[in-house]
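The following pair of complexes shares a single chain, chain A, combined with chain B in the former and chain C in the latter.
And then the complex of A and B:
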């Protein structure tokens, strides 16, 4: 039975970048991903940078995969990991067909969507915005004749542009109606505030939209008070901050949606119902770190609104408090693919250092890689939350606290 | 909204979740076991966040650092044949 130096779970930007670093340091690694193509969510991405250039995720993903292949990286696709078992100083990564024994694991499983439930959302023709992105950009399947997007945020705006580029007709973007689960996503004040704060970092067209609302609260209040009845147009599609979706209608599949007017606080205006014919609905409820495997292997967690939910506790070196378990990419917090890629480099180098006979040389590279993560974060075009650095600092502090507690425990044991 | 399905795999509605949570003053875990929400084919991947939000809004408590719903292997849908030792060590 062979023992790997590292098993990398996830062949997205983080996993592939980590694998490249491991292979450059001659480590014996295998990359596993359940999707039939490498690249993860990079595959769906296509947007225009503020400087006018285009970010094409498919090309970025190809570049990483080619480099990994040149280094003879063992990449296995269509393989689902369902469990990580802990042995003495080793782990067994369980997949449907094979089990891999390894000294280290990098969990780079990315994020999952959290679509807001809407009455009627189980009808065929309703999908998460990410599903619409994959169907359009990866499978090249037209998702429908005419659709509507529920949820107004950076991610849904970026994907709306992609759908527009693919020639898909969108009626509009609206808010989810206020209820127990939609929370702040249904509050026009919160949405406009978020949009104005990320506007300077968003793809070019979106800047023009977001910056309309400026940073001043009074301007936002005015904008909401006098928000145009026909919405503000972006890519020929109106964005409605004062309309919400109440219900999705249809018998066998989506036939229409019921929209309502909402106040500046998101309260539904009575008798304002309006029925709009569409044949598909995309729900954009945001992303959360997909950390199931980190939970199974026993990583402690921290809740961070800034990072998108519960994240496994880790440090800047992408180490978790469990020796041999590393994390990288969106599992550590929702950020752009470019940040994920830099984090993958850090995780790969951390393992290379651990397994190396001359760790000092790698330490130098590792420090540079850690700095690159921060620089990339600062320059990121798409920033999902305005306070990401704060969330990051809290998670690092939680890591230090756990390590300190472990040291105290060991000292106590020695004394007794 | 009460009739809206939250957990699609087990077909649990918002109304059922609210009623159970209020009646039994449930924790997230208890609510999961009482309703089966999050215990279906997808292992809670789709509804975990929504179920959490129902709870935090009913109990008026902010999310804690601990994961509200325990995660247990297998984390992906598996056939019994694959689980039953057919997997080979590499």
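And then the complex of A and C:
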């Protein structure tokens, strides 16, 4: 039976970068991904950097895939992993097709989108904002003739621009109506606060929009009180902080949406209903780490608002408290693909060090890679949360605490 | 019908790919090599991939990357295949998800749906 040095789950920027490091150190690895193309969600990304160049996810994915292939990396696409079994010093990764026995596992499963239920949201034509991104940039198929985006955040702003580039007409971006699930996403005050961070999306018009008002609380209040009735336009599309979606209408598919005016606190203004004809609706509820496989294998978790949800506890070497289980990319917290790629390098080197006869040489590279993660984080064009470093520090502290407790346990056992 | 984005200012012209013919609910459609079932059908103007098993409400893609399972269809006899992850193949036979017999449909028979309802019904006896 073949025993791999590492099974890498996820062929996105983190997984591919990890695989490249493993292969460069002659490790026997296999990369698994259920999507038919390598690159993960990096594939759909397309935005302009502050220096004017374009970040093209398809090209970036291709570069990683090509490098991995040059190193004879075994990449299996269309393979869904559903379980990781723990044996003595080994793991068995269960897929729909076959099982893989391995000494180490890197879980690089990325993120998923949080849904925001709206009455009528099961109609064909309603999709997550990420679905529209993939259909547009990866499959090059129009999601509809005219649509509307529900949810105003960093991700939806970036994808709205991508839809605009592809010639897809958008009526506007609006908030979800206030209810128990939409929570803060339906609060204009919270949203305008978040939008100040999209000023990083230079050189887009969001700078003018975000940085003008958003830094000062008094200005934010004024901005909301006097928010233009027709919204503020970005990429020829109005952004409405004082309008919310009440319901999606249609029988066999989306035909229209009902919008309502909302106060600066997100309360619905009575009798303000307005019907808008659209044939698709994109729901943008934000991203959370996709971490089921880490839970299945027994990783302890910590909740971190800064990182987008519950993340498997890990250190900056991308080790989890379970020896042999590593994590990298958005499973460790919602950040840009560039950070994910650097984390993948760290995870790959951590395994290379563990399996190496001369770990000291790899340790040097590993330290550089860890520094690169931090530098990339600092320079990221798209930041999903302002306090990511704080969230990272908390998770690292949780890791140290677990390791210390384990040491204490071992010492106690020895004494007794 | 062609819902393809042929030209893109940054990504460029859509590359020429091999045509693939497949079936959906008995009708023949054309897509391109590399298309997923969901993408090929949407390019042909088809959004509805299944009816909800119980209510019969129409459903299409939601997440488009395999997480939500809203796009489940039957492919060459295999049920519950995700249309958003599965590439089309020549002569592939795809069938939309259908309404299923619903033995526990409370509208037909007086069956408790929750423990509270069960207790209530027990009380009536």
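Everything that follows uses one rule, which is that the second predicted complex is superposed on the first by the 408 of 416 C-alpha atoms of A that agree within 3 Å, B and C clash if a C-alpha of one lies under 4 Å from a C-alpha of the other, contacts with A are read in each partner's own complex, and residues count from 1 in each chain.
By our rule, a residue touches a chain if its C-beta (ideal position, glycine included) is under 8 Å from a C-beta of that chain, and two chains touch if they have at least 3 such contacts.
All values derive from a computational prediction rather than experimental measurement.
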- [ ] Could you tell me whether chain B and chain C fit or clash when both sit on chain A in the superposition?
- [x] fit
Task: chain B versus chain C as contact partner of A:327, first or second or both or neither - done: neither
- [ ] In the overlay, answer first, second, both or neither for which of chain B and chain C A:310 touches.
- [x] first
TODO: Please work out whether A:295 is in contact with chain B alone, chain C alone, both, or neither, and reply first, second, both or neither.
DONE: first
Open item on the list: Let me test your reading of the model: by the given contact rule, A:34 touches which partner, first (chain B), second (chain C), both or neither?
Closed with: both
Task: Partner chain in contact with A:154 - chain B first, chain C second, else both or neither - done: neither
- [ ] Using the superposition on chain A described above, determine whether A:142 touches chain B (first), chain C (second), both, or neither.
- [x] second
TODO: Classify the contacts of A:99 with the two partner chains as first (chain B alone), second (chain C alone), both, or neither.
DONE: first
Open item on the list: With both complexes overlaid on chain A, does A:118 touch chain B (first), chain C (second), both or neither?
Closed with: first
- [ ] Considering only the touch criterion stated at the top, classify A:179 as touching first (chain B), second (chain C), both, or neither.
- [x] first
TODO: For the combined overlay, can you note the least CA distance between chain B and chain C, rounded to whole Å?
DONE: 5
Open item on the list: Using the superposition on chain A as set up above, list the residues of chain A that contact both chain B and chain C.
Closed with: 34, 80, 112, 115, 122, 290
Open item on the list: If we count contacts the way the header does, which residues on chain C are in touch with chain A in the complex?
Closed with: 3-6, 8-11, 14, 34-36, 39, 42-43, 47-49, 52, 57-68, 70, 84-87
Open item on the list: Help me check something: in the complex, which residues belonging to chain A touch chain C?
Closed with: 34-37, 41, 46, 54, 56, 58, 78, 80, 112-113, 115, 122-128, 130-132, 134-137, 139-143, 165-167, 252-253, 290
Task: chain B - residues contacting chain A, complex - done: 1, 3-6, 8, 14, 18, 43, 45-46, 48-50, 53-54, 57-58, 63-67, 70-76, 78, 82, 87-90
Open item on the list: Residue numbers of chain A touching chain B in their complex, please.
Closed with: 1-2, 34, 80-83, 94-101, 112, 114-122, 179-181, 183, 285, 288, 290, 292-293, 295-296, 300-303, 309-310, 398
